[in-house]
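Naming follows writing order (A, B, C and D), and every chain is counted from residue 1.
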């Protein structure tokens, strides 16, 4: 149970996905509880998808893209960030535990940072345990 | 109904050593939509690809998932394989079992399970993939080259000689860059200006090159093949068409004591000046910050003496616009590091100088006409000390990395000194001699063996002045770290090569990445050394990392050849990963509500308004429409559209939701 | 061969655990030795001390522990101030000195210096503060350096620089040992 | 002034003994400016170099007790005029602040809770922040001499712990001396080590290192050397005879504490500043 948590990482293709590739080429180990979904840009990430993921059984989510000003598409990450600020307050009013969502910037050069973010997030999610509350809240049966 | 094939690659031991590939392939057989699944040692090899093609034919596959390395590595390979076998390339996806799984986790069941999950996710996605075809866009066959050092010069000439137009912009009043400041160049000791000046002149006279000096990039919009560059031409305060370059103004200007940049402040220049005699273009500019007229409202002597009335005090900066197909960034480097080391007394002692200053002293066109004379009193130094790695390889005070060129130029400096001051003593304090190039090690050995330069392995701790001598306190680590003191007349610091401090700004204007040291980042350290991650923007020379002239020129020609490849086509094909606004049958036409939220967030101005008209020509609805030439596929619009009317091909809502659900429903 | 062996309980690891100094970062540039005010007197200048330790070879590590150099180090920290890798050599020296004392390997040439430190500490232990005449007496007896400096003492006294009697701290300082076992 | 706003002074053994003129002159200056002086209650020796040289427990325990004594009385700032004590206390304060293990170790060793004042300032920082502003508007007797400001090695170090920005070419003392009317010379041995703690056990070394310092100061025309550390003072002043013997040169350059220099400028009598205690006579 506790060990069996699911963390989904929504990452952009240019910075974080490439950064995670570098983690691999550098052979830096991290927790296998995280699975990466590739998006063109964090700007593409629809936050409703995060909610759907929680409903379907995710216990934690990482959203990661390029550093501010380094976005491959100029400003996608900036929009994502702004949207996230608005969205976060909405989530909090609904009683959703935003500690389960880790927002970060990992560039293509930051292989070690990616491993660190994964590990600290997994650790935190493990402490928080499976996100059964949300699934109950959302009327979804906990898997 | 989708018929999907799954192909799991071992990559030798890279994946196979950690993940039970066979088991993954077996598990995949049971995934919804999968009709065939297998594993193989090297999927990207010829036999591997043949295996995929055969399976496509045999099992009538409509979609393919390859579980192998990063899609950033082999996605194009396998998409090509599929299309060769008759399946649209965009019906193929890769699950990253190597970089994101076998290389980052320990061998074991959990890792194999994760690999299975990754494959299931991509199977989920592929079920919703649609065949796509590449997009074609026209190409403006003009290259923009930013920076007129040897890198920019070489690239410009290569492109121009192949018959294409080049716009070369240079920040300084003249092109030439650092190479124009050098005296002689390693490893052949040929005169720098002798080989550079003819190329500078060639640039100026080339019918295909538009040279814009004293100019900087203001902005760059658009995309590969179709950029719009806005260039700021800083006011030179002269009318270049009228000016004949006679030089009367510079001889008459009374403001004569401005430390000259070209001579690294070892000599002076006037307020209206040509940076050096061989400058291209050989026409002056007025340095407004130092001109008495601009600062105090009085003087105008240059204007009085100019025989052609070319002086224009009221000239404004000008913005020019050019249509550009591709860009080469060739902005070079800076030397820095003297302020890293108060213990070496640079700035405090006039005779502690930088390597670039030494170049000027050694140069026949320099302030001493090539004689090595120390700045404080003009005496010829009898004992000279060179410090290698002065600022480089020093995480505590300077920069972490090795500046790469200084071992060689330090050997060169010591040699030049010995050739000019036969009875003098030259010492080099060094940590390692990095001279890996053709005839490079031979060169440094010659300094030691023939010219008897005394190389001492050890860093210097401190330099201080005593009775007119510079006391250099070092250690000889090859003699058991024995302290060594040299009483020198002059000290030369091989200061660090660093990126320009405005490099990050430029990178942001161009949307290319830069590294922690502000050098521009190549698309791949081995296989794409001159490309950036932004299509159509290339790198040449020392702006990517410190490098010497031979490497710079090789890179510049490499960038030119990439651009010539691009310009050899009239149209470009682009990935069809672009946004589309849905269309439906009348009377709906589209679910688009016409709010144009998408338009306001699109970074590429790719969203247009389309008016839907009835037969009578009356507008009945205004909806969004994407220009596929401009759209870069970031997807920001998709996340913003509340009615889900805009979607992005290749990363559609359906695809992404399916991919996530496939992961979560694995029990 | 033990030279350059890397085991998990290697000397470098032990040193790092106890002092936080990671000497493998030292790339032997020699800048510390170049600036050290004592290196001309040292049998092993600071960078060479570090080099001995880097090998993790027992014999070479012992050689550093037995060196005169570690006792000559003045803790002036010139080395650290200029070290490109920020190696805290003075801390390493402290560690080696304690090691030398603990394992009875103090370099014979350092006898006087050690005698001085010991006399100093014992004066402090007795009084909580330094009692300078007491220190000098104790040091002279321990080092055998009987006459030197005795010329200075009377004039120091006349200049009011020496106390005749020790000053004591009100609360006696007593160290509660065994604390080393506290994590 | 409430107690936790004010500064406590830790004199240390030297200022209480062989370098008492340093404390005397500090007190005299502060009295003249009506700044109260509070000594740390029942202070003990910091252990100097001996403790960290041969006994790591003592090296932690002794400074920790001083810090705890300071904090106990509610002082949040501690002034440590002796550069050597300053260096030791800064080191241990940093360790206590950053390492729970060290704090624990100290508290077990001393069997008491260990707190530390927030800031520890050295004499230069203190003079610049508190004393110099109060000199403004006062008529000073200018110290019109060429002086070599000698910081020694410990005052501006340890790197990363000391607050000194220009560790290779510190300016604080030069600025103070210049504002007293002196002409600080530009010289090369500002922060070179004088031999510090070897004053007793290794006098030849002290002679070697200190003579380099004196020679450079003399060659640059300095008429006095200004110091802020009792070890520097005793090596350059008390050991003058050894230095002269070692270098074969005679030097009549006196060595003054910065506080003595300020005292002279304020017109405080030489005796109150302890000038008569010097071995090299100070001619005013």
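One rule holds for everything that comes next: contacts are C-beta pairs under 8 Å (C-beta built on N, C-alpha and C of every residue); 3 or more make two chains touch, one makes a residue touch a chain.
None of the values given here were measured: they were computed from a predicted structure.
Peer 1: Average the C-alpha coordinates of each chain, average all protein C-alpha coordinates together, and give the chain whose average is closest to the overall one.
Peer 2: If one averages C-alpha positions chain by chain, the most central is B.
Peer 1: Once you find the CA centre of subunit B and the CA centre of subunit C, what distance in Å lies between them?
Peer 2: 51
Peer 1: Compute the distance, rounded to whole Å, between the mean C-alpha positions of subunit A and subunit B.
Peer 2: Computed value for the inter-centroid distance: 30 Å.
Peer 1: Indicate the whole-number Å distance between the mean C-alpha point of subunit A and the mean C-alpha point of subunit D.
Peer 2: Result: the chain centres lie 55 Å from each other.
Peer 1: Can you tell me which residues of subunit B touch two or more of the remaining chains?
Peer 2: Within subunit B, residues 343 contact more than one other chain.
Peer 1: Residues touching two or more other chains, restricted to subunit A: which are they?
Peer 2: Nothing qualifies.
Peer 1: So which bits of subunit C are touching at least two other chains?
Peer 2: 78, 86
Peer 1: Where do chains touch, given as pairs?
Peer 2: Those chain pairs satisfying the definition are A-B, B-C, B-D, C-D.
Peer 1: Which positions of subunit B touch subunit D when the two form their complex?
Peer 2: 341-343, 348, 464-467, 471
Peer 1: Where on subunit C is subunit D touching in the complex?
Peer 2: Answer in residue numbers: 37-38, 41, 71-72, 74-78, 80-81, 86, 94, 97-98, 101, 112-118, 120-121, 124-125, 128-130, 132, 135-136, 139, 143, 148-149, 152, 155-156, 159-163, 167, 169-171, 173-177, 179-180, 182-183.
Peer 1: Please name which positions on subunit B make contact with subunit C in the complex.
Peer 2: 343, 393-398, 431, 457-462, 473-477, 480-484
Peer 1: Taking the complex as given, what residues does subunit B use to touch subunit A?
Peer 2: Of all residues in subunit B, those touching subunit A are 70-72, 96, 98-101, 103-106, 110-111, 113-114, 117-118, 121, 508, 511, 513-516, 521, 533-534, 577, 601, 603-604, 632-636, 638-640, 648, 650-651, 653, 656-657, 659-661, 663-665, 667.
Peer 1: Name, in rising order, each residue of subunit A that touches subunit B in their complex.
Peer 2: Subunit A reaches subunit B through residues 6, 8, 13-15, 17-18, 20-21, 23-25, 27-30, 32, 35-41, 43-47, 49, 52-53, 56-58, 69-76, 79-80, 83, 107-109, 115, 143.
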